[in-house]
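In what follows, chain A forms one complex with chain B and a second complex with chain C.
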Partner chain A sequence: MQPNRMLPNRSRTSVLVFLLPPLLLYGAAVLFPILQSLFLSFFSWNGISDMEFVGLDNYVRMFVADDIFWRAFLNALLYLAICLVLQLGGALLVASLLTSLHRGRELIKTLYLLPAVISTVAIAFLFVRIYSIDPVGLLNQLLHWMGLGSLERPWLSDVNTVLAAVSAPEGWRFTGLYMLIIYAALIAVPKELEEAAVLDGASRWTLFTKIRFPYIRPVWITTTIMATTYGLRGFDIPYLMTNGGPGQSSELLTTYMYKTAFTSTDFGYASTISVFIVIECLVAVGLILFLLKRKADS
Partner chain B sequence: MITQAAPASPPEVVPPRPEVSRRRRKPNLFRTLSRVLIMLIVIVQVYPLAWLFLTSLRTEEDFATGDPFALPGSLTWENYARAFETGDLGRNILNSFVVTMGANVLIVLLGMMAAYAIQVLGFRLSKLVRGLFLIGIIVPVQIALVPLFIDYSAVNLLDTYQSMIIPLAGFSLPMSVYLFCSFYEYIPKETYEAASLDGAGPYRIFGLITLPLSLNTVVTVVLVNSIFIWNDFIFANTFVLSEDLKTIPLGLQNYIGAMGKVDWTATFAAVCVTITPLLLVFLVLNKAMIQGMESGATKG
Partner chain C sequence: MKNLLRAAAVAAVTALALTGCGGGASTSPTNVAPTGEIKPREISWLLSRPADGAVINIMKKLADDYGKDHPGFKLNLITTPDRPSYIQKLETLAAANKLPELFDTDATPFAQQLAKQGKMVDAEKLLKTLDIYDDYRPGALDYQRFDDGSLFMIPFQFELEFIWYNKALLEKAGVAVPTSLDDIPTMCTALRNAGITPIAIDGQDQWPLERYIAYQPFRAAGPDFVQKLKKGEAKFADAAGQKTVNWMADLGKAKCFQDGFSAQGYSDAQNQFTSGQAAMYNIGTWELPSLATDKLNPDVRDDIDFFTLPTTAGSATSANEFVSPSGIGMAVNAKTYDPLVSDFLKFALQKYPAEYAATGALSPTTTVETTLPANATPLYRKALDQAKDLGSKQAMPWDTQLDPTTNGRLQQELVLLVQGNISPEQFTATMDNTIAQNAPKFFK
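Here is the complex of A and B:
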């Protein structure tokens, strides 16, 4: 019984001919490496000497003995939170505002999306200069003009601000992408629904919370999942701008894993950290589905 | 992922004019406020890029001493000359082009084949295969770095174009499979039945019916993936060492080191040169690209 078979007379071979090449590439590049990481996480190996089976030692070390790991984990959560606020909050705000605009929507969409086209290396360069204090960068100059001179600082070498400073560019970069998606969902909300609500005297806020948002909820869940999984894999910008420093104050799990693998060549422990990152992503997706779906049902 | 049933190629998004606009209301506070707010946010998005370009035209002294917001006192192309002298920008752009093309060919071709097998041919475990592809959307790319590094050195693939193309294509494949699958759902069964009655087998039907019909989706898949592949940093940085193979992100990163000191105006000139190709494509095709992103996400 095969409900979605469209061709009545296709051979088993033909299925394999079409299915095997994509599965081969996908297996080699994605599936097999995941299993390999899982396997390596039970070994101690520097890439040269013999691999040594250590059982759960790497996991014990990670959870119990490694302060940097926990620091990086908390940093990664904060990084994620900042990205989510900027990306999803910014996206929802701009998309909602955009629907009340009559002209120039296309232009604004294009302009807003521009940063998404630019490589992270270019963005890292750009923001190093925006944050700089000598010569004075855009941010410090702006603060100076607003009379907030006391806030001027070298944003990337101040341990209190560096994490926010490396998170903001990532948020800035992709907010346009999420705005597009949410905007497309918002303009698909049936006009009759909104008009009926307005006739009933609903305020803008009620209109948004009672009509628009419930309607776009499925798209909102998708964008939240996208933004969260992208946020958890964030790497380029912190790696390029500060390499996790000063100290460990902008270290994320991804940068820590990368350094463990390719600077300390501790392949086993690096694999343990990447297994943790994968589980973290799966848990995050599960949580989002659980929380947002449950709310929808109630 | 979580999707609403959406038509395969999204209809032209024409923002319906709200009723209010025709009634010529007196200017209202909310509307004015939201306009100002939108303008502010757009400035935050665009000004840094404009500033990047302006800085690339400044003289070095002007950049080192001046107010960063001021317009450059005099324009100079010298930074561009220095940028081309120090880096191998042409080579970097060519490499990025090769990697982007290679990965896109794989993503499109293999994505169509997998979707054809899953959606059109159908087989018992097709649900399982779909699920396997879902993993690749959620899982972060970093998981593959260490294993691929080890595997590549075992089969001598380190420091090649393939070492970048394989993982870039592999991690983009799931999205492509999903896009093609959701498009193939909308090709009516009768089309295939008619062709089958005429004696066409699965291969001919793929080449003569499915492939030509997929062109719109191909454009979407290519545009969306190209942004990520063209700008990939992490795979290139991990697997490529030789100057000859460096893509744009690596070439740019090299810039600073190669110059001993940080020559910011020349670096910004290099940045401007390297973002131009993709930016041009984006500005020319932005309608198609924007639609691609919208549909890519709502269906992914």
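Here is the complex of A and C:
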């Protein structure tokens, strides 16, 4: 590490002194549990028995012998994809539209942000009602009114629709939040740049792809990372709405890990899954940075 | 990198040290009558019962009474009525070796491990020392026993599970009360054809559907089937297993349960039945206050009746043997068991049955007569009377029997089987495989 020559010695020390407490807190609250999980993942332990060292057995079981793990992993990726499309796509769309709106911006911003402040449990119950078929919920009633009666179904009991059905509330919930961030970035794009481009005859699409988007790229990277890590950690809404069911149709890695730890009391194996989730999140962030950097360089 | 490794090593050692603290010593679980001075203090009961239910209200009152003669005594009742959350709490506290003086648990494999480690007081000896062992209904105690017959939990309830039905709806569909379990699928088809939901079920909580898979084997092979199944000594591929798997699939094919049942909760199911939309509803006597009093919707009040679990041809168990649980039991922590806890239990357990029966519920003992509530319908008495003529065997709910991983998988796969998403063959293969993988760890 290069010492920072701009800072005189004394203030460097004081910076370190001020950085130390948060660093220690971070170590105790984040690093220590991760390391402990890593440690536990080499053991078989149900909480009350003696801990038995099993080496890599848990990892072998996870990768080779556990069909639910792979199912949950694929579900988690699909859940992530749906959340990202709804959150980032929806946010970008709404934010772009907002910039061209002259009246009522504040109202729309507030309306979109509203779901982000409602409690998760309330959202879960709300959507259980919306998807219900008996008594008829909002979604099925709407389909009925639109003459799409053939599409009516118990969305949360149908193995083909349940994953999308539990992903949508999570996506819907945070669209407003990301919209706000992206909107703030979009209005910071210098007007002169845009006007110059328009004078040169750029279409709205060119304007967006060549001027606006490159300008907001740093913010876009941050939001993508935020949305991805939140998506990979998604737990509460699926757990509350379906508890992973029917079968394993809406089981995510997180809900599966939770059940393995607290229902099956298989703390060793649950730690193995949690180690996988940590690595998965790191890989995802690395991948995003790599892809977006390469794009920016090209 | 070196620092990181060192940090990891420190973390590992600390973790080891922390878990090492977990295996503290405990007093002997067989010493049920500790001698010494009674020193009043605060004790806690971690429980999973309705917050304003009879058990909690009565125990609160008894603790207050006891506290009057023993200043400084207090009973903290910490309840988590939601069962899955409760079990997680219990297991986490057990792992940390932080269980309170009293705690609720079913006779699960996990509880049996706790008992084997000497963490629970022997309840049979305890009740015998208090000279109240013989007061209890044998069925109420049996429900709490582990497979080896040992008793470590004390019951506070006694319930009977019936299939409640709506006479008018059955008549409308032209079907009679089933005489055999095997009649139910055809009955459902007839009800569906008449536009009636055959059975209302709480699919969200999963245990109600799990009851159904226990019925056929209980009739065909008796209570032993699940005892063997959970250890892998019997299989779903066996005759009794196949019978229940196919029956469950038939129930699904006949659309016995309401549409989208897997996402519907306890009150959804009950509302469907009490509003006259569903013809049948399988629930226990704990719902008597809402099903057999004037609280019940007047439109259906005269049409509601119940039947007990039907038998089958060549049934190994008789009609007066069905699911009769004594609820989640209370275990006594051996580590914190002292003259005070012993003395309080003696006081409370002797007074509890009379107070409990006065609320209109069935006491786990035979020493008291249940008081009928003033607003009871004739069905209330009829339901209570079933307790007088019970056989010696009872159908155990499978969720208290199987190891937790198998149980979780069974609950998931059952929904798929009933919804027709998987075939009976797939179900059989998956479940037998799951049991083979997980049972050995729990039933060594």
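What we mean here is this: the second predicted complex is superposed on the first by the 273 of 298 C-alpha atoms of A that agree within 3 Å, B and C clash if a C-alpha of one lies under 4 Å from a C-alpha of the other, contacts with A are read in each partner's own complex, and residues count from 1 in each chain.
The working rule: a residue touches a chain if its C-beta (ideal position, glycine included) is under 8 Å from a C-beta of that chain, and two chains touch if they have at least 3 such contacts.
What you see is a predicted model; the values in this text were computed from it and never measured.
With both structures placed on the common chain, the touch criterion links A:L156 to chain C but leaves chain B unconnected. Of the two partner chains, both chain B and chain C are touched by A:Q36. In the superposed model, A:G245 makes contact with chain C only, not with chain B.
When the two complexes are overlaid on their common chain A, residue A:R129 makes contact with chain B while staying clear of chain C.
Of the two partner chains, chain C is the only one touched by A:K259; chain B is not. In the superposition on chain A, A:G47 makes contact with both chain B and chain C.
Of the two partners chain B and chain C, it is B that touches the larger number of chain A residues. With both structures placed on the common chain, the touch criterion links A:F267 to chain B and to chain C. Contacts of A:G147 after superposition: neither chain B nor chain C is touched. Taken together, the two complexes place residues 31-32, 36, 40, 47, 262, 267 of chain A in contact with chain B and also with chain C.
Across the complex, chain C is touched by residues 27, 31-32, 35-36, 38-40, 44-51, 68, 128, 131-134, 154, 156-157, 159, 241-248, 259-260, 262-267 of chain A. By the touch criterion given at the top, residues 7-8, 11-12, 15, 19, 22-23, 84, 87-88, 91-92, 94-95, 110, 113-114, 117, 119, 197, 203-204, 206, 258-264, 272, 404-405, 408-409, 412-413, 415-416, 419, 421-422, 438, 441 of chain C touch chain A in their complex.
Of all residues in chain B, only 1-4, 10, 13, 15-19, 21, 30-31, 34-35, 37-38, 41-42, 44-46, 48-49, 51-52, 55, 63-69, 106, 110-111, 113-114, 116-124, 126, 129, 132-133, 135-151, 166-167, 169-171, 173-174, 177, 189, 192-193, 196, 201-203, 205-206, 227, 230-231, 233-234, 238, 248-250, 252-253, 264, 267-268, 271, 274-275, 278-279, 282-283, 286-287, 290, 293-294, 297-298, 300 touch chain A in the complex they form.
Remark: chain A residues 2-11, 14-15, 17-19, 21-23, 25-26, 28-34, 36-37, 40, 47, 90, 93-94, 97-102, 105-106, 108-122, 125-127, 129-130, 135-138, 141, 172, 175-177, 180-181, 184-185, 187, 191, 195, 204, 218-219, 221-223, 225-226, 229, 232-233, 235-236, 240, 254, 257-258, 261-262, 267, 270-271, 274-275, 277-278, 281-282, 285, 289 touch chain B in the complex.
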